[in-house]
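There are two complexes below, and they share chain A, which is joined by chain B in the first and by chain C in the second.
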Partner chain A sequence: MQYLPCGIYHEYYQQDHAWWQTRFVIGKMILLGIFIFYILPFWGGLYWVGVATLTIYTIMGALGVQLLIGYCGQVTLGHAAFIAVGAYTATLLTLQLHLPYLLSMFIGGLVAGLWSVLFGLPSAKVKGFYLIMTSLAAQFVTVDFILTQYVSQIGGRGQAFSLPPGSITIGPLVLDSDLKVYFLGAVLTILLTMGLANLLRSKVGRAWIAIRDNDIAAETMGINIITYKLMAFFVAGFIGGIAGAFWVSTLAALSPEHFQWFWSLWLVGVILIGGVGSIYGTIFGSLFMVLIMEGLKFIIIPLTPVYPALTMKFLFLKEATFGLAICLFLIYEPNGLAYRWWQIKNYFNLWPFSY
Partner chain B sequence: MPSDHFGPIMLKVNDVSMFFGKVAALSGVSLDVREGEIHSIIGPNGAGKTVLLNCINGLYHPQKGEISFKEQDITKIKTYHRAELGISRTFQKIELFRGMTVLDNIRLGRHIHLKSGILSGFIYLGKTAKEEIKTREFIEEEIIDLLEIESIRNKTVGMLPYGLQKRVELGRALALNPKLLLLDEPLAGLNLEEVEDMARFILDISQEKRWKVTCILVEHDMGVVMDISDRISVLSFGNKITTGTPSEVQNNAQVIEAYLGEEDLYATRR
Partner chain C sequence: MNLFIQVIITGILMGGIYALVALGWTLIYKCSGVLNLAMGELTLIGAYVCLTFYMWGFPFLLALLCTVIIGFILGLITERIFLDKLIGEPVLTVIMVTVGLSFFFRGIVEFLFGTDTVIFSPPVFPMKPIDIGGIIIGQVYLWSFFAAIALLLIFVAFFQFTRWGLAMQATADDEMAALSLGVSARFVYATAWGIAFIAAGVGGALLGNINGLNISVGYLGLLVLPAVVLGGLNSIPGAIVGGIIIGVLQNLSGAYLDRFTPGGVKEIAPFIFMVIILLYKPYGLWGWERIERV
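Right after this comes the complex of A and B.
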């Protein structure tokens, strides 16, 4: 249910279909825009720009997972593979063929989308746990086999592609500082998020949600289930590919280690914590995970003089925290942060009255 | 009402047999549904009524026999193609999209009439936005108004009471703008007032000039079936016993035998 403030009436369907329906909301969005594009980058300092860039990358990666798991009901545990395909395609096109970075990013997205469709084909026949197995196959076949054994050898650079400073450019603009990378990422994330949200309120998105909720009824309503599942895989892979191609711009060297299976699992954790089936959930989950991990650093670093072993064990601590966070969320807030956010908003709708 | 009052044959089921293992759910059932009529299918539990609907709808593929719709053989074609031809349905157990709002459920029924794809949906400008507004107009003016569900349009379907969910399901089936509507027990589990409303909606969509939808009705509530059907087919253990007008069927000795134990066909309600 959505409430509108007193005195606001919609006279056209157009108004009811708008994203931001009241001036208050538009005002909030403008403030958010000012925060993202002015306050954070210019007043926040390089550390927070770095954190924000990582968050942005997590959001872009998790969007595809959210689409597949949260909106189309196709559980995937191999999304890092498609991010990797995007990253490698974009890098190869930029380094070997000297294509412009944005173009190779786009092609990277397309290739990742098609690669994702290839591993989405089993979804025509299998559901649930069996589909998880095929997505695991996507992860290990793509990253651990094809990328590590073969693609990494292209150009004779050894295991990792080094990306010398200045190799990534947009027109005359060289992406050489954290700030520029951050701006690129912010623009891409906003475009992808809004695009996906738009998609979810039009024909294709509704068909995906219908397949998630009840595939038999969806078919009787005229939806070709297999085609639409594959479309979901394509869009998820495309978004993942763009995320990967963007991540390249933050790296000095690209190696398969950036796209290990744990990263796939991590992205699923992000949407579990943020809320399955919610775009807000993707954003909240990414923010939460990145900030928790940064917070962990703040706790661990002062302790290292006392317990030097902690420096070595940080990775384990990180994974343990990840697991603990997911467990706590599944027990105490299975609907994720997005649901909490919705509750808070509802509370303030009527505040200070109780009903 | 004489049966030749209706138009040409719309759906022809010819000698359809369907087996699950060795159990014959349908054995050699033939019937024809004429344009504009309300054709009820009745029979005791397990007679194969829902199986027959599933065969017409394409969820099951009969091992023997043909089904043709408007003189086109549809026995082999997929469910979603049949939806595009104009066959829509509701389910015995409610099969709504529980996580979506009422409006979105009905919008989904418009699926085959919409044209936007991945790219145009992603951008959501111009054509797609206009298309969505036109869809909304259609739904508000034709369906929500007809079914009197204005007050719940933005509610999530899973939270609605059973009777309203049934109504939303009918709305979703109607949004497809069907030529043939399969109603699988639309009255099951409703209270008397809801039954009367639902019967009124079925008559509306069958007779109103705007709709004129041919309906196949599977139902146990004999009172309503006898009142609103134009013709009735009776199934028993997978065999068709007879087809006829309500009064013919009521006086048929075989039908009475099939329902033996329920001395009065009106036993379910009244």
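Right after this comes the complex of A and C.
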């Protein structure tokens, strides 16, 4: 729920349903678009483009987690498995069958969605902690067993699928520079975010929210909760698969190392810090986590001459910081960054009569 | 046939250690309703603390005692700083705080002790295996099992016969009634965490003796989750039986299924069993079935 500024009246339903309801918001969106597609890539320098690409990947991965946890109430701690399935499917199709990248990305999304539905099936019977356990099993079975032991054998490339430069192309365009990858990711993220946000305003999305709030009550209202839960798993897996397939384009070699349990937990941490049940929350959380980790680097680098072991142990510090950040956010800011943003925005929208 | 018995016995001996850690998990859940995903890291902390003391030249038993004391203190501190503020919060919040704690602990442990495998040297238990009628058992397994069982018995006695243990049982049974009888719930929560740290720490120290100590011991601690799901989340006998069954199943699948696959079955078999158990018996062997109303 968001308040409109004083003096804005809607006369038609189209106005009431519009994404961007005031000129001011449209202006902000245009500025944001200019920032994403012009200022950041062309003036920002390669370092910031790299950071932005990582953020984009985090956003795409976290969208699926946000859908499952924040909108459908199905807690998952194994989302990296579905991202991995998407990434591996897309890579295999591109390398073995020489399908176009975008097509194999789409198929990767579909396969990841179906895989996610497979592990979502227990949600018909169990929920809460028990469902968390199944998602945990999904993570270990998929990444640590099937992908590591079986899928990695396909094509005889050894443990990692190396992606020679120029193997990923969209039509005549070869995705060989960070900038092109960034643009692809930005477009995909915007499409997925808009798609998901729209889906959440439809009948399906409202059914998901009803299931999240109380699944028994939702069932008594005539929602087929099993179908809708599986649908949520499919969409979340699909988004995850697309994210994985996109991430392939930034890598030189694909291995199960990229999709460890850590990454699943990282994504859940992202949405918890950003705010559960909010698309903004996904984006803020991703930005926050990526930027805080980059900031940590800036703090550590000046300290390395004094204490050289820090460079070696940076990864561990990162882990500890991440854990501590989740704990502190959950204890002191349980609604996440999105809630803070909502408060700030409403303060200005309602100013000067904020009561 | 010999192989079969051998595998079963090794499984039971390993399962004793899992049972010990699972007991700590169940205790926290019963007393405070916290579903703890940081158990693996608690075993890690215990293992490294014990190793450090042992390397300083303490005898093993004394090192274990120090682990127990430090574990208890760490448990109290953790509960007071992080978990105390979360009483009455949604389940996901509490679970994710324990996940955050697990990252925090693992990061700290890796930062302090590195990631290389370290072993207890000189070895604590004699290396020569025991031969009982053709069945060969490593002494490490045997002694670890005895240690785990001894500690389990001590815990059971603690719950049955001491004032604190009875207070904890009362809180687990009905918190409101316990509060009205003058039991301090905050004290019980803190003690539960302290005891969980002890159980996990001793379990970790024993596991570290078997195969050497590195970060993957924390993964072994994660195996308590299948064990408690099998036993039923809030049943202490269930945790013990579940731990032993998971140990046996894990060893059996390692021995018999590994030849059909490229490898790695032993690590994930408990989780597959867990999914199957969840599908057919979601409340485990002795867990309470919950009836939900709108």
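Rule of thumb we're sticking to: the second predicted complex is superposed on the first by the 347 of 355 C-alpha atoms of A that agree within 3 Å, B and C clash if a C-alpha of one lies under 4 Å from a C-alpha of the other, contacts with A are read in each partner's own complex, and residues count from 1 in each chain.
Quick note on the criterion: a residue touches a chain if its C-beta (ideal position, glycine included) is under 8 Å from a C-beta of that chain, and two chains touch if they have at least 3 such contacts.
Worth saying up front: this structure is predicted, and the values here are computed from it rather than measured.
Touch criterion met: A:Asn214 reaches chain B and chain C at once. Once chain A of one complex is fitted onto chain A of the other, the partner contacts of A:Gly44 are absent, as it touches neither chain B nor chain C. Between chain B and chain C, C contacts the larger number of chain A residues.
When the two complexes are overlaid on their common chain A, residue A:Phe145 makes contact with chain C while staying clear of chain B. With both structures placed on the common chain, the touch criterion links A:Val204 to chain B but leaves chain C unconnected. Using the contact criterion defined above for the overlaid structures, shared-chain residue A:Gly195 touches chain B, although it does not reach chain C. In the overlay built on the shared chain, the residue A:Val75 is in contact with chain C alone; chain B does not reach it.
Once the two complexes are laid over each other on the shared chain, residue contacts for A:Phe234 go to chain B alone; chain C is not touched. Comparing the two complexes, residues 214, 216-217, 220 of chain A contact chain B in one case and chain C in the other.
Contact residues of chain A toward chain C in the complex are 69, 75, 77, 122, 125-126, 128-130, 132-134, 136-137, 140-141, 144-145, 148-150, 153, 214, 216-217, 220, 265, 268-269, 272, 276, 313, 315-327, 330-331, 334. The residues of chain B lying in touch with chain A in their complex are 57-59, 78-80, 83-84, 88-89, 91, 95-100, 104, 107-109, 111-112, 114-118, 120-124, 128-129, 132-133, 136-137, 140, 154-155, 172, 176. Interface residues of chain C facing chain A in the complex, by the touch rule stated above, are 35, 82, 85-86, 89, 91-93, 95-97, 99-108, 110-111, 225-226, 229, 233, 261-265, 267-268, 271-272, 274-275, 278-279, 282, 292-294.
Within the complex formed with chain B, the chain A residues making contact are 1-2, 13-14, 16-17, 195-196, 198-199, 201-207, 209-210, 212-214, 216-225, 231, 234-235, 277.
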